[in-house]
Amino acid sequence: MSRDTLMWRIAPPILRTARRPQRVVERNAIVYRRTPMVLISGFFEPLFYLLSIRIGFGALIGDVDFAGRSIDYAQFVAPALMASSAMNGAVYDSTMNIYFKLRYSKTYDAMLASPLGAADVALGEIMWAMLRGFIYSVSFLVCLVVLGMAESWWVLAALPACMLIGLAFAAVGMALTTYMRSWADFDWVPAVTLPLFLFSATFYPLSSYGDFGWIVELSPLYHGAALVRGVSLGIATWGMVAHVAVLSALAATGLSVAARRVETLLLK
Amino acid sequence: MATPASVRVLEMQMLLLKRIWKTNLTLSFLQPLLFFLGMGLGVGSLVNDRPSSAEALGGIPYASFLGPGLLATTAMLTAAGESLWPVLGGFKWDGTYEAMAATRLTAAQVVRGQFLWLGVRMGIAVGGVAIVLAVHPDTRSWGIAPAVAAAMLCGLVFTAWITAWAASREYDTSFSNVQRLVITPLFLFGGAFYPVDSLPDVLRPIAWVTPLWHGVEMCRGFMLHTLGGVDLALHTLVLVAWLIPGWILCDRFFAKRLYR
Amino acid sequence: MKRFGDFEAVKGIDIDVSPGESFGFLGPNGAGKSSTMRMIAAVSPVSEGVLRIFGLDPAHDGSAIRNRLGVVPQADNLDGELTPLDNLIIYGRYFDIPRSECIARARELLDFVQLSDRSAGRVDSLSGGMKRRLTIARGLMNRPEMLLLDEPTTGLDPQARHVLWDRLYRLKQQGVTLVLTTHYMDEAEQLCDRLVVMDAGRIAAEGSPRELITRYSTREVLELRFGAGQNADQESSLIGIGERLEVLADRVLVYADDGEAALREVHNRGLQPESSLVRRSSLEDVFLRLTGRSLEE
C-alpha cells in the first residue's frame, strides 16, 4: 500500500505501524495454491444465482422502475447480488478462518515472532479477504458477460466498488471475530448477513419499503448494493459519495479495532 | 421394556442440543421468517403486480406459492448443514461414533440413531417454517401438517445421501463443493422459488428427477389442496426410491469405517 | 568484545551475553523463564523496569529486534496448513528475504536438521522431535545473531533429545549465540557455557555450570536411602559426615569431596542404608542448595 494514497492518510494511527502485510497475503496464497477447487467452484455459485434470477424471477417479474427508468429485473438484481457475494466472501474469510488461526493454529504467534506486527496481521488478513473477493467479483463479471447481462463497459466500475465492500465487511468481521468466545457464537453470523442480504434493496427498489426505507438505509450492504448498481448501470449521483463514505468509515473502524484487539490477544 | 438402541444414539446427540438449543431455535425461526418476508412478501409484491405472473403461478399470490417450497428447502438445507462436517467429525475429530461402536451398537443402529437425530434437527427447522406459514393468511392451511411430513421425508433422502458421502470421505475438501455445486443449484432450480416450467427444456427433466422437486411438489400440493392420489403415490414412490440406496450406502460405509 | 544482550531482565540484574556464547536460564516450571524469554523476544511488553536487546528498546524497536532474533517457542506453532518446506520459506519471507534465497536456505536448513526427506509431507505427520527440529530450522531462516530456545527438549524422548542436542551443539560451534531455558540440569550442563539459576522470578546465582557446582556444592555426593519414612530419622546420626547434609523425602544427600570416604564413615557408624550411591555433583545439587527445593518435583 503506497503511503501517499488517501486510504493511507485517513487510516487509523495503529495501522501505520504495518510494515509488510503482503507477507500474510503471500502465506495464505501458498495454502490456497494447494486447493484451487475452492476458488474454481466459487465461480459457479454466482452463475447459478444469476441464472435463476434471469430465467426464474425475471420471467415472473419482468421490469422494475429504477431511477426514473424501467429496467429488466435481472439487470436490477445482478449488481446487488454481486455486492452480496462480495459481502459473503469477505465475512466468510474474516470470521471462522481467522478465529481458527487466532485461537487454535497459533499461526499468528509465529508471525509475531518475526518482524511482522499485529497491524501487519490485521491488515494482511483483510487484504487477503479483499483479494479473494476480487477474484470472486471478476468471476461474477465473467458470468454477467457470458449470460449477456453486461450492458456497457460501466460494469467494470463494479470491481473497485466490490473491493470496497469486501474491505468494509472483512474489517468489521475480523474485529467482531476477536470478541468471539466459541464456535457456537458463529451461528449468529448468518443471523446478521441473511437479513442484510434480503433487505438491502437487493431484490426490490428502496421505494417498495415505503415508510421503512430509513431502516434499509442503516444496512451497510444497502450502501454497497446501491453503489454497485449505480456504477454498473452508469448512473452517477451525489448519493454515491455517501455510500463510499459509509463503507470507508466502516472499514477504518473495523481495521483499527481489529489491529488493536489482535495486539491485546497475542502480545500478552 | 428396553430402549431401542437407535434411540440411545439419539439421546447422546440430544445432549449436544441441550447446549445449543437457544441459538438453534432462534435461528430456526429467524431464517424462514426472513425468507418469507423478504422473498414471499417482498418479491411477491412485484410478482403479484403482474397479471401474467399470477397466471403462471396458477392464480395464487406468490407467498402461497413460495411458502410450501420453503418447507422442503429448509429440510434439505438442514440435512446438508448437519450431515457433512458433523458426520466426518464424528468419525475423525470427536470420535463420537467410535465411542458408540465400542458399546454393543451395530453400525446400522448408529446410522438409524443419526437419522433420528437429523429428524429432530429438521423437525425444529421445518416446524419453525410451519409456524411462520400458519400465521400468514396467504399460507394458512390445514395442509401444513402433512406438508411438514412430506418435507421431512424429502429431508431424509438428503440426510441419507449426504451422510453416506461424508462417511466415505477421508478429508473434508469436497464438502464446500457439495454445498456449492449440488445443494445451491437444487435450492435455486428445484421449483421452490418459481415453477420449473420456466426452466429451459434441457433442464426441466433434470429437475423432475431430483428429490427436492418431488418434496416441493408434495408440500405445495398438500397446502393448496391440489394433490391427487396418483400424484401423492408417485412423489412418495420416487422419494422412497431415492432413500433406500442412500440408506444402504450409509449402513455399508458406517460398518466399513467402524469395524474395519 | 561486542555486547549482544545487555538487559535488566529480572529484578534488576544485568546479564551480558557475548557472541557465540551459550547462555541458559535454569529453573523449575513457573520460575518466570518463559515470560523472560517472551520479553527478550520482543513479543511481550515489559510491565516495569528497563529492557534493552541489542541496545534497542523493544517497546519502540520490537520489529528491528525481532529481525535479528531466532525464536523457538516452547509450544510448537508450526503452520499446519503448509508443508515443512513451505513453513520455512514463508517464515523467511516474513523477514523480507528474497524468495529464491528463502528456498535455498530452507533446503540447507532442512538438511541441517535432518528433515530433507520430510520436506513435502504434512506437518501433522512429524514426530515431536522432528517438529522441534523443524521449529529450530525455522528460527534460523533469518540467520539470527541470537537464537532463543524455550525448553527445547521438554516432552521429547531421550533419543530425540540427543539428536537435538547434537544439532544445537553444532550451531554453537558455528558461532550462533544461544539463549535457552530449561528445567533439565543435564541439558544445561550439556549446552550452556554460562547460566543463571532462576527461582520464583528472581536470579539465585550466575556462572558456568562448573563454577556453580564448585561454588555451591562439593565435588561428590553420597546418596543414601534408608527406606520409606526412615530418612529423616537418620539425620542426627549422620551429622559430621561430609560438609553438609540434605534430607529429602526419599533419600539423604551427603555432600563430600570424597564420597567413598563418606560412605566408609557411614558404615563405621554402624548405619545400614538400603542402598547407597556415590556420584559427581550436578546442577540439581546447586539448585537444591540455593532454593531448598528439587528441580523436577
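Things to note:
Order of writing sets the chain letters: A, B and C. Residues in each chain are counted from 1.
Note that a residue touches a chain if its C-beta (ideal position, glycine included) is under 8 Å from a C-beta of that chain, and two chains touch if they have at least 3 such contacts.
Here the structure is a predicted model, which means the values were calculated and not measured.
The greatest centre-to-centre gap from chain A, using C-alpha centroids, is found for C.
Core chain by CA centroid proximity to the global CA centroid: A. Distance from the chain A centre to the chain B centre is 30 Å, each centre being the mean of its Cα atoms. Annotation: 59 Å between the Cα-based centres of chain B and chain C. The distance from the centre of chain A to the centre of chain C, each centre being the mean of the chain's C-alpha atoms, comes to 48 Å.
By the touch rule above, chain A contacts chain C in their complex via residues 19-20, 23, 26-27, 30-31, 105-107, 109-117, 266-268. Interface residues of chain A, counted against chain B in their complex, comprise 35, 37-38, 41-42, 44-45, 48-49, 51-52, 55-57, 59-62, 64, 73, 184, 187-188, 190-191, 194-195, 198-199, 203-204, 208.
Contact residues of chain C toward chain A in the complex are 41, 43-45, 62-64, 66-67, 69, 71, 73, 75, 77-82, 86, 89-91, 93-96, 138, 142. Residues of chain B touching chain A in their complex: 19-20, 23-24, 26-27, 30-31, 34-35, 37-39, 42-43, 45-47, 50, 52-53, 56-57, 62, 173, 176-177, 180-181, 184-185, 188-189, 193-194, 198-200.
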